[in-house]
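Reviewing the structure listed below.
Letters are used for the chains, namely A, B, C and D, taken in the order the chains are written, and counting of residues starts over at 1 for each.
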Amino acid sequence: MSDSLGKLFVVISFGESHGRCVGAVVEGCPAGLRLDEKEIQWQLDRRRPVAGRARTPGSTARAEEDRVEIVSGVYNGHTTGAPITMRALNQDVDSSEYEKARFLPRPGHADYTAYIKYGGFNDFRGGGRFSGRITVSFVMAGAVARKLLDRLGIEILAHTIQIGNVEAPKANLKKVRDNAGRNAVHCADPDAAARMVKAIAGARRAGDSLGGAIEGLALNVPAGLGEPMFDTLEGELAKALFAIPAVKAVGFGAGFLAAHSTGSQNNDSFIVRRGRIATTTNNAGGILGGISNGMPIVVRVAIKPTPSIVRPQQTVDLRTITPATIEVRGRHDACIVPRAVVVVESMMAITLCDFALRAGLLPRVIK
Amino acid sequence: MSDSLGKLFVVISFGESHGRCVGAVVEGCPAGLRLDEKEIQWQLDRRRPVAGRARTPGSTARAEEDRVEIVSGVYNGHTTGAPITMRALNQDVDSSEYEKARFLPRPGHADYTAYIKYGGFNDFRGGGRFSGRITVSFVMAGAVARKLLDRLGIEILAHTIQIGNVEAPKANLKKVRDNAGRNAVHCADPDAAARMVKAIAGARRAGDSLGGAIEGLALNVPAGLGEPMFDTLEGELAKALFAIPAVKAVGFGAGFLAAHSTGSQNNDSFIVRRGRIATTTNNAGGILGGISNGMPIVVRVAIKPTPSIVRPQQTVDLRTITPATIEVRGRHDACIVPRAVVVVESMMAITLCDFALRAGLLPRVIK
Amino acid sequence: MSDSLGKLFVVISFGESHGRCVGAVVEGCPAGLRLDEKEIQWQLDRRRPVAGRARTPGSTARAEEDRVEIVSGVYNGHTTGAPITMRALNQDVDSSEYEKARFLPRPGHADYTAYIKYGGFNDFRGGGRFSGRITVSFVMAGAVARKLLDRLGIEILAHTIQIGNVEAPKANLKKVRDNAGRNAVHCADPDAAARMVKAIAGARRAGDSLGGAIEGLALNVPAGLGEPMFDTLEGELAKALFAIPAVKAVGFGAGFLAAHSTGSQNNDSFIVRRGRIATTTNNAGGILGGISNGMPIVVRVAIKPTPSIVRPQQTVDLRTITPATIEVRGRHDACIVPRAVVVVESMMAITLCDFALRAGLLPRVIK
Amino acid sequence: MSDSLGKLFVVISFGESHGRCVGAVVEGCPAGLRLDEKEIQWQLDRRRPVAGRARTPGSTARAEEDRVEIVSGVYNGHTTGAPITMRALNQDVDSSEYEKARFLPRPGHADYTAYIKYGGFNDFRGGGRFSGRITVSFVMAGAVARKLLDRLGIEILAHTIQIGNVEAPKANLKKVRDNAGRNAVHCADPDAAARMVKAIAGARRAGDSLGGAIEGLALNVPAGLGEPMFDTLEGELAKALFAIPAVKAVGFGAGFLAAHSTGSQNNDSFIVRRGRIATTTNNAGGILGGISNGMPIVVRVAIKPTPSIVRPQQTVDLRTITPATIEVRGRHDACIVPRAVVVVESMMAITLCDFALRAGLLPRVIK
């Protein structure tokens, strides 16, 4: 069965963490889009442990170049309308730790569920298909989607709003644009960013890890995207975001806070702003009845702490069904939130691009 | 484009709030399942404003019988393997208020987004396709799914955990089973239930409305359900749950709280319990790597307060793009949370049934 | 699993020959299309045994009115963008013969394969889902598709080119347009039509039945419809046409004759005609590389003789797996070719409408 | 939009004739299947111009090795349940002829339709996505499907039954098995094979080309495969077969001859053979009501003559819309029928494998 994403802009992910490569196939991209490897590489580089000048704190020591290679679907610098295949070779692979622990599932990881589902035939090395490394393929596809959204003036932004117990103050759009790219944790508030860095360092020293939360924003999304019944904009965005390993909750606009408020507080009044219909507040997160209303799409995701921690943990030996202890070594991030920011953006871009195509907003050939 | 749910167990919803009927088509149900209208009716009755003895507080005065009629796919009391079409006629329809307010979108409702998406051709009466009444079709399909899950020993339960600022204390499974069906708000804690009823009554008196939260549980789900990449169990459950009007957030296990914890707190250790692999805690909500791990599936959804409130609200006249005021009359629930409980169960059942079929757990013919 | 047709214009068929009704759900129809029951009824009437003045020769004595009822998706005489549900009640049902022969599969019918597939739970009365009566749902959906194609100037026509050994001479488009609607067998050549009528009458007298062939034409189809790899225009048209019970072969343009010719004979040279690119001949049937080239789409389908014949036939008792004899009574057409003509048109219309939507040729809202 | 094949066993094709590679992604293959590159290579080699000892007559001078490389989804010699990516690099590429003729569409080729569909952005070199070379990806996927069908005892065979005007006499199964692999044209009759070879040589000398026909057989297919309405076994097989470039007609069992026969001739009587239900004749080609009946699946496809011929042909200059002449040089087969035999088998295998999975005949994990 296909385990792909999207209906008109379709993304397939292939490859394994310690196999030959990880990659993506994108079907449904209009012909004529200018696309080169540099643009995709730029997004991939944002996902790497060392982002910009600052090295992402607490990130894995695995040093992958993640060099993207376009394998098909692009000719003379433009998309051809054919499936776009992209991949990055795996280079810095050390599977030794995994071989040892093959039958000792790591708590919080997919080792156990993968073992059950695939009868032990899954490529378990480095987490195989369940590794965070697989998100390289999401970012590749997201980079193509963003190029298409650019043409519609749709902008996608994400930023870290929480790491462990450090919560960033509510930031306006200008702050997000100006600051989130300037620190290693992609936080819109420089002070909070500094505290987040410290918190991660502390967790790492303690052999522990931290979770956090990311806010994603989509600006200039036209009203009318989303289907009324099952393929709602919320539903499809949530599905895409839950594909990111470690995401455990997704809320739109007021999110879980909506449960506490009253209708008179929560309803966003309609007004006319610069000749166009808008709302006073945005508790709906830009979505009413599963369909975009022209306001910014606002989504928040919770990311659980990295399950790999440098402490003995209780597990079960799958061969004997007896208790066992495991110490996860390998090379891991003490907090993956900062690196997930670009992944959140990528999933939003893929989903919105799919809906833009469904709504007929993009031509079949771009000229 | 198809706006259906599921890949092997496929649900289509049709009909409008004030049209002739609302209904569902279910494709992919194995042949040979005993099914009669009474069993579906029993679930539909749980969704009605008067649930059991107690009338659901603050619920709409619209008195629909919601009498299900099986139109196709069942012969001699068993499913035939053909599409199962079910419908309930609309009887108690009063569209007068809607005609008046056709061009004045109600804040918090889908009037505006539907108008934009369908160019004003949508059947706006009673909210049309965006009415809570459409969930009748979800419950119909869910009733079929539950019959199939019964065969696998999978049990689905939901209960109200919050209404407005009243939060129920954490309840164990026994309390949920014993109490949630005994009060009008479907809460596992009788005291909290009483306070929730009061809170709703207060909101109604104030011409306002309340939101809340529901917890859904799926028990005895075998390990191995869910796809590793995009069709994760979390993603598909979330997508199904966001199809319920007013759901604005979905979290699994620890949910948003996972953002606050550390890896050593959040990881669920593997243990052997009665000869089978289990986990000590269940912060993962029964899902690791997008795949069920054999522990209970635990999901929480936030439901926004009913947007229909008896107060003048600010809106925009769609004909002139000028400010206007609207007073929503119609007949509405001051809090839809209690009625949404069976809908949450239905969406969980549909999704799990789809995954059970994907995993090959159900035969093509039931004997 | 969904057994639907189309990707953007999606058709679901439900109902059984002797159940309560047969019907269709159409998803993906743009909002704002004028649609009333009369237009659908007009196409349904073309499928009935009595077509126009002349009663279709050799057709069943079952007298169904096939009165279409639009159940959802249309408001104020226009489509709303929601699923369009249509159905026709079954009225003139006599299931007595079928009950008797439940375990004696009729040669040439689906009785045996349905029994195996559904373990005997299928609604076998009147052939259930495998009855020619199910094509009522195809014609309903086709009627909606034709309305959309009308807007693009695409015309769909089919005519009978063979019944038994009577083959009609090659007819030009004018003859098809003028004559095919004027005789009971829908043949473009009046002389051949008369001989076909005779042949059917002869077969009926002999307690036998006849097959035949139909040619379908789609005119003014713009170049560019069809996908390059698997969803070719030929492949999708063929799939839709093979859904018609009794179709056993499908060929495009030269069809099977292409096997006999040489490249220099078979290639259609490109020329300029009235300022546009055309081809001198049309051996390709309007399709190159799976994509329409702007020339008429020409497809021929072979229809096997009605399997129901009034003669003792050899079969096997499914309870005992021992030889048995069956005499099919019921009420049947001695030749279904004439009634299949509108069904061929319907399947072509549905498929082309789906591709027109894929190509972005139709707006989401029709104004 | 996805242009993939299959619902549970899903095949995606990527790559271009003169790009870096051609390849396939297979999703839905159960875990635990032994699979190595040699087995795939063996099928690929059957497609190459030099098949076995005899060089396929009239085949292209392009000498591709078509060396398959498994990129993902296989670990330790077994499938892992993850997407299987395979590819073959393009090596012997000479695009010079194509550059010259970019705006002069070759008659019978997809140059014109691709140009229209993709606005000239398609990779036209060597026919790009429309090249027969793309069938390398079909054979790769087919090789995986065959391995799965092997486990069910299903055997797939195809053989050439016609080239130009040389038609092979009807062959029994033994002859097909014994002879078809022994001559360069894959014909079950050695005499006819010799005449076919001559006919191809004659066409080549004349600067012309030939079409032909292939018969595909699937043996030991269990009864019950296929869906009743739209995803019929005939419909899905036809769709898969029409994906092969140059296929213009598809018929099952009696095929187009069914149009000529009567019900009493065409009906296949049911009998008991070795304790199992069978039919006396097989005019149905093993399919009744769209569902397999346990008899051999028999399908015949017509293949048009290769459009590339060494003669001046009439075309139109796409830049000026004025008449022009083109002489196709490049390197082409004078008859592709022999090389298409393994491709026909591959498409049958893919489709039957998909239906076997739909019917639950294959486990999720093979042990």
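In the analysis below, a contact is a pair of C-beta atoms (placed from the backbone, for glycine too) under 8 Å apart; a residue touches a chain by one contact, two chains touch by 3 or more.
Here the structure is a predicted model, which means the values were calculated and not measured.
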Higher-contact pair (C-beta pairs counted), B-D versus B-C: B-C
Selected pair, out of A-B, A-C or B-D, that shares over half of its residue contact pairs with C-D: A-B
Centroid distance [mean C-alpha coordinates] between chain D and chain B, Å: 47
Distance between the centres, which are taken as Cα means, of chain C and chain B, whole angstrom: 40
For chain A, residues contacting two or more additional chains: 1, 3-4, 7, 13, 82, 117, 129, 228, 364
Residue ranges of chain A in contact with chain C within the complex: 82, 228, 359-360, 363-364
Chain A - residues contacting chain B, complex: 1, 3-5, 7, 11, 13, 105, 107-110, 112-114, 116-117, 129-130, 134, 162, 164-165, 203, 208-213, 223-224, 226-232, 234-236, 238-243, 245, 247-272, 275-277, 279-280, 283-285, 288-294, 302-309, 311, 313-316, 318, 321-323, 358
For the chain C and chain B complex, residues of the former touching the latter: 1-4, 7-8, 10, 12-16, 19-21, 23, 25, 27-28, 31-32, 71-73, 75-76, 78-83, 85, 87, 117-119, 121-123, 125, 128-129, 364-365, 367
